[in-house]
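I've put the structures underneath this note.
What follows is chain A paired twice: with chain B in the first complex and chain C in the second.
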Partner chain A sequence: MSRSSLSKQPKKVTDISVPSEQLAHVDPQDMFPLPPPYDKVKEQPGFKALSAETRKTVAASLDDTVCVGLPQPKSKEEEERLITAFLSGLRKLFTRENNWTFLEPLVLSMEHCARCQTCVDDCPVYEASGKNEIYRPTYRSEILRRLYFKYIKPGNSLFNKFQNGDIELNWTLLSRLLELSYRCTLCRRCAQSCPIGVDNGLITREIRKLFSSEMGITEKNLHEKGTIQQLRVGSSTGMNSLAVKDNVEFIDEDMTERTGIPIESKWDVEGAEVLLLHNAGEFIAWPDNPGCFALLLDAAGITWTMSSEIAGYDGVNYGLFYDDVQLARIAAKHFEIAKKLKVKKIVMGECGHESKALGVISDRVFQGIPRETAMSLIADIVFSGKIKFDPSRNNFPVTLHDPCNLVRAMGVVEPQRRVLRYLAPKFREMHPHGVRNYCCGGGSGFAIMSQYNFMDWRLQISGRKKFKQILDAFADEDPSAETKKYVCAPCSNCKGQIRDLFDYYGAKQKSGLHYGGLVELVVNAMVDVKEGFLNFEEM
Partner chain B sequence: MPNFEWNDLNISVDEDGFMDQPEDWNEQIALALASTESVDVLTDNHWKVVNYLREYYKEFGIAPMIRKLCKQTGFSLKEIYDMFPSGPAKGACKVAGLPKPTGCV
Partner chain C sequence: MTVFHLLIYLSVLIFLTAVAARIVRIVRMPVHLRWELYPVPHEKSRSAYGGSILEEVNWWTKEREVDRIGEAKAMVSEIFFLKGIWEHNRGLWFGSWSLHFGLYLLIGELGLLALSGFLGAVGMQPEILALVTPIVTILAWIGCALGLIGSLIMYLKRLTDPKLKPFNNASHYFNLLLLGAINVTGLIWVAADPEYAGKLVDFFAGLFSLNALPVLTTIGYTHVGIVLFFFIYFPFTHMTHAFVKYFTYHDIRWNDSPNVQGGKMGIEIDKLEHQPVTWAAPHVRADGKKTWVDIVGDTGEEKKS
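Right after this comes the complex of A and B.
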């Protein structure tokens, strides 16, 4: 059977408005094969089918999965209301007073795409799906572009229809476009390859924003359990300040015991050089990471603190992925906390989107307070000469996963490599890497989503390219689990996705694949730390 | 919200199969939820994990960190995975009736 006969895909952009049970389908046979021992489709985890109940109750006519799960409208009137609200949001997206933040790059991306399709081969989702039309980065953009030329900038309508193509705005389009805006990880690899800088990632994100700000339609992990919970309780993890302090106390004790170096984390210290702002997921899922930061900063003689205020111990800002207002609320909190503590600078822990949100996107909010990523701080400490290292303690194969937000969005490429070239004797690059990296497949918050069967989608399709890249990076090593391999992923979100990939495919048992952050490798190589700090059995 | 039926029980769960009303949890429900996690029998060791999760959740309103769970119950991470194949967060917490962990965990 040929590949194309298995998949199902729209023939035209306008098919998005044509009601059908399911617009697109990707068969596992359509996806490019993984290297052995993951090459036999039959032996891999299957793609769970959506239940009839799900198909009946929520909008699920796009493809094989559901992410947002918008309830089906109960009446024609409700459909109409949603369409009216969508149009109103669309207009706001293109006015300065409602979208001063991203209006300019959005309009440029609307008006100047030459439809050359140079970008499409750079999309890991499109490639992994066997080039299914709906995942083509320009397919989604073209829908918004046609709506833009039809409703926002109609001009001479006959000429316009001829030049830009018509499209019918109906419930089918609306519900599919919403889901489609959650089939892109916002990695922006396509934006980088565009000869004129058209940004399909931004377009996707602005579609999510339209649904959120104007219609109150959001993905629950990002919104309800994400930014809302963070602003109410203190953290997207649900930890209040008592819980985080309890956890950190445990981490301090555990680290002290395992490293032989007394560790006491600092809370709310005024005037410290560094306000250390971790993604709070680290405290729960990867406690060695904040523990190693505490140890390393102390060893370097840097005065530092964490904050126990609401949002002060959680650097995440999921607003970056879907909503400017939530983004600004959290950024303002982070700024106020840093200002109140009178710290010299903020250091973002090993978290990509946090680094982008604080370092780049909210730049205007943080007037007078410098921000630095953990990557350059760690490199500065490692090469300061203050700490003695024995790189042979990291004598296992190591590769580096580049978080998109660090490399492509911020250009922070080299510090982490300098550290690894020095402290990991068996370090090797993935290909391609740096600003040309591939997303882990969990970008834009996908790593924390597993509702319905979305986990199958993000591990089989959006994460496929990364999994292959990781396997290829170790192709020259003993493939068995006997040889422990370490994927250094300095980002909480990427770590979550990579953990799920390894669990899903049984890669720890089959290939000896492990993962962790950068600072753990640094501490593991410190001469003053008890040998054998990194324990592959516990990873 | 989907409902999940097991023997005479009817449990309201979210799209990930976690309980909507953690306060309604009881040992029968634990058995029911375990069946969705390919856990057929809950041994004393399973209960040790489940009970610790319940106690911690009552005190702090969230799940404990994984390392703490290991240390307090005396099980290695591998042993927890052997008991709950989808792991401590997605497996053990679900059986213990905790809500799905949130944030980047």
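Right after this comes the complex of A and C.
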């Protein structure tokens, strides 16, 4: 069977409004092949079928998976109500009162796309799916664009149709568009290649925002368990300050034992040089990471602290991915805490979206406390001459994953590379890398989403390109698990996705693939630290 | 002054007003949150690999070096050589470049004609003005030829390329036909009329001095007619990307300006934050009166829920 006969995809943009059981289907044979031993199509997991119950109760007519799971309306009236609310949100999306934050980029992206499709081949999701039409960067943008010209942009409707085509707004479109806004990692690789400056990543985010801010329709891991929980309990992990302090105490003890260097993390120290703001996921999933930061900052003689206030020990800001109000509320908290502690600067831990949200996106709104990324500080410490290193301790193959938010959105490219070139003798780049990197596939919050069968989608489709890149980066090494290989991913979300990728494909057992952050490699190479700190058997 | 004069002035007026209105609308848009995309070419010494000043430890204490030459270089390679399409959509490059470059040459021709027409109207010697005629002719020949080749290729691509096809609207074909028509009539005119350039210089002088316009050939009138239609039509289409691109690059993609305390941007943002919010989702807790500042500061509900 040919590849194209397996896939199912819309033929026209307007097909989004045409009711059918499923608009698109991707067969494992459609996806580009992975290098051996992951190349056998028969062994590809495919998509677990959605249950009949799921299909009946939630909107699931887009593709093989469900992410948001919007309940099916119970009546025609409810359907109409949702459409009316959507239209109201659409209008607000284009007002300066409600959306001054992104109005200009959005309007310019709506009105000036040449439909040249120059952006499409740069999208890892589109490529991995075997170029299924619904995953084109321009597909969802074109739907919003047609709605914009039909309902928002003043002018002659015939002329608007002639210029921009038409579309029917109905429940089928609405429910599919919502799901479709969660099939893009917001990596903005497509935006980088658009010659006009249109940003399909931003358009996706704005669609999510419309649903969230106007209709209260959100993805629960980002919203209820994410920003809402963070503002209520203190962290999107659900940990309150007592729990996090407990965890950190344990981390300190463990690190002290394994490194031979006494470590005591600092809490709520007024006037410290640095407020260290980790993604709180680190305290649970990758405790070595905050432990290594504590050790390194102490060794460099920097006065630092963490905060035990609500949101003060969790740099996560999922608002970045779907809602400006939630984004601003969390960023405001972070600034407020730093001001209260009178620290000189905030250092954002190894977390890409935290760095972007706090370092760049909030930059024009909140002021008074400078922020810098952990990459810059780590590089500064490593090359300060204050600490002695033995790079041969990292004598295993290492490659670097570039988190999109850190690199493409902030231009923080070199510090981490300088460190790796110095401290990891077998460091090699992925291709492409730096600002042209590929997303890990867990961007825009996907890394924390596994509901229904969404995990199948994010690991086989959105994460496929990254997995292939990682395998290719180590192609010159012994492919067996005997040779331990390290993927340095200086971002909590990316680490989450890479962990899931490796588990899903059995990459640790089959290929010896391991992953971790940057600071762990730095500490592993410190002469004062007991040898063998990084233990592949325990990773 | 004739009806033809009026028609031309009116078309140019509509063009200028509509283009100006679009620019004013963009310029008056509120300042947005930072949304730059690297590489940013004014990042001196770092733009080659896409780096930024944020790579520096304590970056806010360092001097921000803005490399305008780097920015200009990036603009030149994008405008004249369509670098983006070359790198990311090679199959479309030649057609697109040919179409665009042809248009640039025709814009150059138009500019030259307007200048010489103006100088003629204020009394410049016709012999001196005659000097521009060979340049006008060459620009017309090459511009129209490239433009025609480009519009033909692009039309065929739109018609046949499965990557483009599902996203074409009627206007995409129409726009290419229109550009093709401008180029083909221009080409026939310059080929068939040995006095092409001279007549056009006189034509523009007549436009500036309100004097009689020279009589053109049928193809000449057809060409002028189509060009005038294009003038009226263009500002209302996505083809305005030709100049809006300046804003998508400078205002968004390359705009890494921080909000310096006490600066103009800060004042504007302060005003924007004091606007009422009407988003209707329950978690926003807007009531139509509460401003962004009120809403952002209001995280209390979550504590209770």
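We adopt the following convention: the second predicted complex is superposed on the first by the 535 of 539 C-alpha atoms of A that agree within 3 Å, B and C clash if a C-alpha of one lies under 4 Å from a C-alpha of the other, contacts with A are read in each partner's own complex, and residues count from 1 in each chain.
Throughout what follows, contacts are C-beta pairs under 8 Å (C-beta built on N, C-alpha and C of every residue); 3 or more make two chains touch, one makes a residue touch a chain.
Everything numeric here is computed off the predicted structure, so don't read it as measured data.
S.K.: With the two complexes overlaid on their shared chain, look at chain A and say whether chain B and chain C clash or fit.
M.R.: Fit: chain B and chain C sit side by side once superposed on chain A.
S.K.: Once chain A of both complexes is superposed, is A:C116 in touch with chain B (first), chain C (second), both, or neither?
M.R.: Only chain C; A:C116 stays clear of chain B.
S.K.: Thinking of the overlay built on chain A, is A:G359 touched by chain B (first), by chain C (second), by both, or by neither?
M.R.: second
S.K.: How many degrees, to the nearest 10, separate the directions from chain A's C-alpha centre towards those of chain B and chain C?
M.R.: The C-alpha centres give an angle of about 160 degrees at chain A.
S.K.: Thinking of the overlay built on chain A, is A:E104 touched by chain B (first), by chain C (second), by both, or by neither?
M.R.: The answer is second: A:E104 touches chain C but not chain B.
S.K.: Regarding the shared-chain residue A:A328, is it in contact with chain B (first), chain C (second), both, or neither?
M.R.: Second partner only.
S.K.: Which chain, chain B or chain C, ends up touching more residues of chain A in the combined arrangement?
M.R.: Larger number of chain A residues touched: C.
S.K.: Is A:T373 in contact with chain B, with chain C, with both, or with neither (first, second, both, neither)?
M.R.: Only chain C; A:T373 stays clear of chain B.
S.K.: Looking at the overlay, what does A:E537 touch: chain B (first), chain C (second), both, or neither?
M.R.: The first partner, chain B, only.
S.K.: With both complexes overlaid on chain A, what's the closest CA-to-CA approach of chain B to chain C, in Å?
M.R.: Here the least C-alpha separation of chain B and chain C stands at 17 Å.
S.K.: If I apply the document's touch criterion, which positions on chain A are contacted by chain B in one structure and by chain C in the other?
M.R.: On chain A, no residue contacts both chain B in one structure and chain C in the other.
S.K.: What does chain A use to touch chain C in their complex?
M.R.: Residue positions touching the partner: 11-13, 85, 88-89, 92, 96-98, 100-105, 107-109, 111-122, 133, 138, 142, 155, 159, 162-165, 188, 191-199, 202, 212-216, 223, 228, 231-232, 325-326, 328-329, 332-333, 345, 359-365, 367-368, 370, 372-373, 375-377, 379-380, 407-415, 434-436.
S.K.: Would you pull the chain A residues touching chain B in the complex into a rising list?
M.R.: It comes out as residues 51, 53-54, 69, 221, 225-226, 229, 235-240, 242-243, 246-247, 250-251, 254, 279-285, 287, 314, 316, 351, 447-448, 450-452, 492-493, 496, 503, 537-539.
S.K.: Show which residues of chain C lie in contact with chain A when the two form their complex.
M.R.: Touch residues, chain C against chain A: 26, 29-40, 43, 46, 49-60, 78, 82-85, 87-89, 92, 96, 163-164, 166-172, 174, 236-238, 240-241, 244-245, 247-249, 251-253, 258-259, 261, 265-266, 269, 272-273, 275-284, 292, 295-297, 299, 302-303, 305.
S.K.: Residues of chain B touching chain A in their complex?
M.R.: Those in contact with chain A are residues 2, 14-16, 60-68, 70-71, 76-78, 86-87, 89-90, 101-105.
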